[in-house]
Amino acid sequence: MKLSKKYLAHIVFESNDPASKTFDIALLGIIIGSIMVAVLDSVQDLHREYGRLFYVLELSFTFLFTVEYALRVWLTSKTLKYVISFYGIVDLLAILPVYLSFFIANTQLLSVIRALRLLRVIRILKLGRYLAEADFLRESLKASAAKIQIFLFTVLTIVLVMGTLMFVIEGPEHGFTSIPVSMYWAIVTLTTVGFGDITPSTPLGQLMASLIMLLGYAIIAVPTGIVSSEMVRRRKPEHFESLKSCTFCGFERVEEGDSFCRKCGNEVN
Amino acid sequence: MKLSKKYLAHIVFESNDPASKTFDIALLGIIIGSIMVAVLDSVQDLHREYGRLFYVLELSFTFLFTVEYALRVWLTSKTLKYVISFYGIVDLLAILPVYLSFFIANTQLLSVIRALRLLRVIRILKLGRYLAEADFLRESLKASAAKIQIFLFTVLTIVLVMGTLMFVIEGPEHGFTSIPVSMYWAIVTLTTVGFGDITPSTPLGQLMASLIMLLGYAIIAVPTGIVSSEMVRRRKPEHFESLKSCTFCGFERVEEGDSFCRKCGNEVN
Amino acid sequence: MKLSKKYLAHIVFESNDPASKTFDIALLGIIIGSIMVAVLDSVQDLHREYGRLFYVLELSFTFLFTVEYALRVWLTSKTLKYVISFYGIVDLLAILPVYLSFFIANTQLLSVIRALRLLRVIRILKLGRYLAEADFLRESLKASAAKIQIFLFTVLTIVLVMGTLMFVIEGPEHGFTSIPVSMYWAIVTLTTVGFGDITPSTPLGQLMASLIMLLGYAIIAVPTGIVSSEMVRRRKPEHFESLKSCTFCGFERVEEGDSFCRKCGNEVN
Amino acid sequence: MKLSKKYLAHIVFESNDPASKTFDIALLGIIIGSIMVAVLDSVQDLHREYGRLFYVLELSFTFLFTVEYALRVWLTSKTLKYVISFYGIVDLLAILPVYLSFFIANTQLLSVIRALRLLRVIRILKLGRYLAEADFLRESLKASAAKIQIFLFTVLTIVLVMGTLMFVIEGPEHGFTSIPVSMYWAIVTLTTVGFGDITPSTPLGQLMASLIMLLGYAIIAVPTGIVSSEMVRRRKPEHFESLKSCTFCGFERVEEGDSFCRKCGNEVN
């Protein structure tokens, strides 16, 4: 029985042999299936016709997730550490709302928490070649964080000043009913989303809007520049990758085509 | 007769002399013409007036494409390999729908397949100086593929969570009729397209929308950074272009200012 | 008393000990609070219910800002220089409108000036690690200024020519009521904002609009390229960070793998 | 009299002394004034009230441009070369439409040609420090031209295929009245403009639209990457600008901090 528990833990936590890979893929399928059911159930026509089926499926998925959560708690060597870890909480949130729904009737809030099940996919995807690339992206963004914060603060200042100005210029009679609504419009405009639910109709308002748009067009370059320059900095140029190490002294900058090591003078192949 | 077949094959498959170039340009004209007819025929006013003319033109184009397809099958030395190749299938798809239309009445589906004729243009354009540049773009995108996949997965997670949240906050009475529709709205907003067919109208919804827009504004920098840094990496800086080749041994990395070749020791000017 | 004044000046102008840091944080809270009040007061429902409370809060904030302004004028060693400096004017603008409002009734204009209080936050944020990053952004943009000016001039030329063309093509009956309005539409389109309040409805107008959009799509790359390349230029590549300093002469560019310092000739480990 | 003509030519064609600079600035003012009049005259309210004034101003500006054109033709040493040059034609187009308007009544077409007067500003702006920067931008775009052409061809293929698909999926009853209109919609969507005048309303149509938007989001990175990488390539990194030339042998890569020239061994300061 002890071996069986160890083997089960291997299947649940690792992913380097057929059995544990099958477990991961099955879990991935169930997660995506449960999200699909939550999404489709929100469509009224489908809910009317397949509502009961969706409910049964939801209960089955929750049962499977509960079994999986119990297994993880039982199998892990550090139970408490798992329960209060990020993944432990995400795993609990994946099953809790359904049990709560037996007592509480607010079904919409449950949908949101159920959507968080997608976060569980990350753990499974972590296993694989994507990890290094994801790290590269995360590191690049982290290194740019201070610059992006300043940028966002600048954007918010523009949004506040422009929102107030447009509120004064256009006024409630043209849809700019308050400063918060005007600020919402300024964000819609500055980010070039442009819903068109609120639009300036006075000549002065259109002139101001044009200024905001050109400003948005110019400063869209800034976050892009920040991230691009950070990524460029973190990557070695292609011609650097051809550098070899000397087999005698370990000098790391023997260039392709060099016959002799620049440091120790031994011949390199 | 044998020579004639060989010469015909040369005209059809190559493009390095006047005759084969004329063939290519004529084919290009027919392809663009056939697409123009399909596009214009979909305009009801034009269809009413010139419908018969468009139909005759379409039949003529199809006849020419059929002759060309027969020629290619007959002239190629590896018939089967051509028929099941990408271009072979595209060539067949260019003529098949019209023949099928004699039996099946669904004309709209045919339009789609006929639009795929544009893919045939690629083969003709492949001949020329654009090939290297296209390769550069394709390679840059391919090398960035893993990063872009992670990025798209992140975007889809945001879309699912934000879509569910907006469905709960705004609800069906403000146009967010279901989670799929809310996700469609989230994509419209996050990509800064902003149709405005669905817009938030509650203060909390507008606040959430503002967050999504600022998020979209910030993360638009990521794919741009990925592709830019990849392209920068793949290009040699301009000052590298001043490198000369040694006139004795052909060593290609003699730097400006070097007196002797690093490889063979001969003096360079 | 003399010491007390010196200590007060330290608290107000510096931020390197608990007392002066507390002052900064309290000021930050008051500034944000006063802006929140101005923003919320513009919402009609809130104004109706909490209007009197907001007014009392506004007067209190203004009183505190007045005390702070008086303190700064009294404590600084160069009174005139402070009063006519950028921050001096911003500080005065933070209190002046409220006093003016006792005589003038235009409350909307006051909102705009009150929104400028956000500028005061900059001084407080200046103290800290963001300064270097903000300088990096400012320098990058400043170095790109000439290029961005040319770019904006090009954009304005396109806007004028395209705006005039669309006015002629679509005309007042389709919403393009005048050249200024058409230019507003051209900016909305070129910046990819796309409100949709004015849209082309003739085939020729839609073709022209498509051209403008593709143009906008292509030239959005230009400001991004300008800022990105400037930022890349200003950052040392990561492999430069492996440079060491010579322990003998302090020469800072000893490359990894170098056996001897290029400057003083001493051996480096 | 001969000296006077030479001096006049200097004023008209050069811009390196007070007199010729004044001429340039006066001309700039008249050009901008004439464009302002054309723009404002298109606003119906202003036309009704100030129409006569605008007409008189327009005639005055045209008279001044005619005098200037006559001066240029008379003063230049190569009359024919000037007349058929780009600037010569632009200068002629600035006055011709007004004279034509005495015979032809189409006033709208004249507006377009009059808007082209803005091109005249370029000549005046050419004189100055912007020239080098403009050249940098032009060269960067020119070097990227082949890549951008391939990119635009790819975009047009996507637009054609997606436009046809959406026409089939949504159909005329949802606003996608023909393939050209669907293609217009596809461009509006792919470029993230998103007017919202035509929007998908079937679930399948919204799914397809989501795909187009994510595609547009991903490929917006391509032209930016092309231009950015080209600009990065054309700029020397900042630390390269500190390189000096050896005063003995002219070796161009003496780095800051080097005590001796790497090539000739002479001491450098």
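For clarity, chains are labelled A, B, C and D in written order, and residue numbers in each chain start from 1.
The rule is simple: a residue touches a chain if its C-beta (ideal position, glycine included) is under 8 Å from a C-beta of that chain, and two chains touch if they have at least 3 such contacts.
If you're wondering where the values come from, they're calculated on a predicted model, not measured in any experiment.
Trainee: Name the chain whose C-alpha centroid is farthest from the C-alpha centroid of subunit A.
Mentor: Computed centres place D farthest from subunit A.
Trainee: Copy of A-C's interface among A-D, B-C or A-B, judged by over half the contact pairs being the same?
Mentor: Comparing each option in A-D, B-C or A-B with A-C, the repeat is A-B.
Trainee: Could you work out how far subunit A has to rotate to sit on subunit B, using CA atoms and steps of 5 degrees?
Mentor: Superposing subunit A on subunit B takes a rotation of 90 degrees, nearest 5.
Trainee: Call it same or different for subunit B and subunit D: same when shared residue numbers make up over half of all numbers used at their interface.
Mentor: Shared-number fraction below one half, so different.
Trainee: How far is the middle of subunit C from the middle of subunit D, if each middle is the mean of its Cα atoms, in Å?
Mentor: Subunit C and subunit D have C-alpha centres separated by 28 Å.
Trainee: Which integer distance in Å separates the CA centroid of subunit A from that of subunit D?
Mentor: Here subunit A and subunit D have centroids separated by 39 Å.
Trainee: Of all residues in subunit D, which are in touch with two or more distinct other chains?
Mentor: Where subunit D meets two or more other chains at a single residue, that happens at 180, 183, 192-196, 220, 224, 226, 228, 230, 232, 234, 236-237.
Trainee: Okay, in this complex, where on subunit B does subunit D touch?
Mentor: 35, 38-40, 42-44, 108-109, 111-112, 114-116, 118-119, 125, 129-130, 133-134, 136-137, 140-141, 148, 152, 155, 180-181, 183-184, 187-188, 190-197, 220, 223-224, 226-228, 230-232, 234-239, 255-257, 259
Trainee: Considering the complex alone, what residue numbers of subunit C touch subunit B?
Mentor: Residues in contact with subunit B: 192-196, 224, 228, 232.
Trainee: In the complex of these two chains, what residues of subunit A are touching subunit C?
Mentor: Residues in contact with subunit C: 146-147, 149-151, 153, 157, 160-161, 163-165, 167-168, 172, 177-180, 183, 189, 192-196, 199, 201, 203, 206-207, 209-210, 213-214, 216-218, 220-222, 224-226, 228-230, 232-234, 236-237, 240, 251-253, 263.
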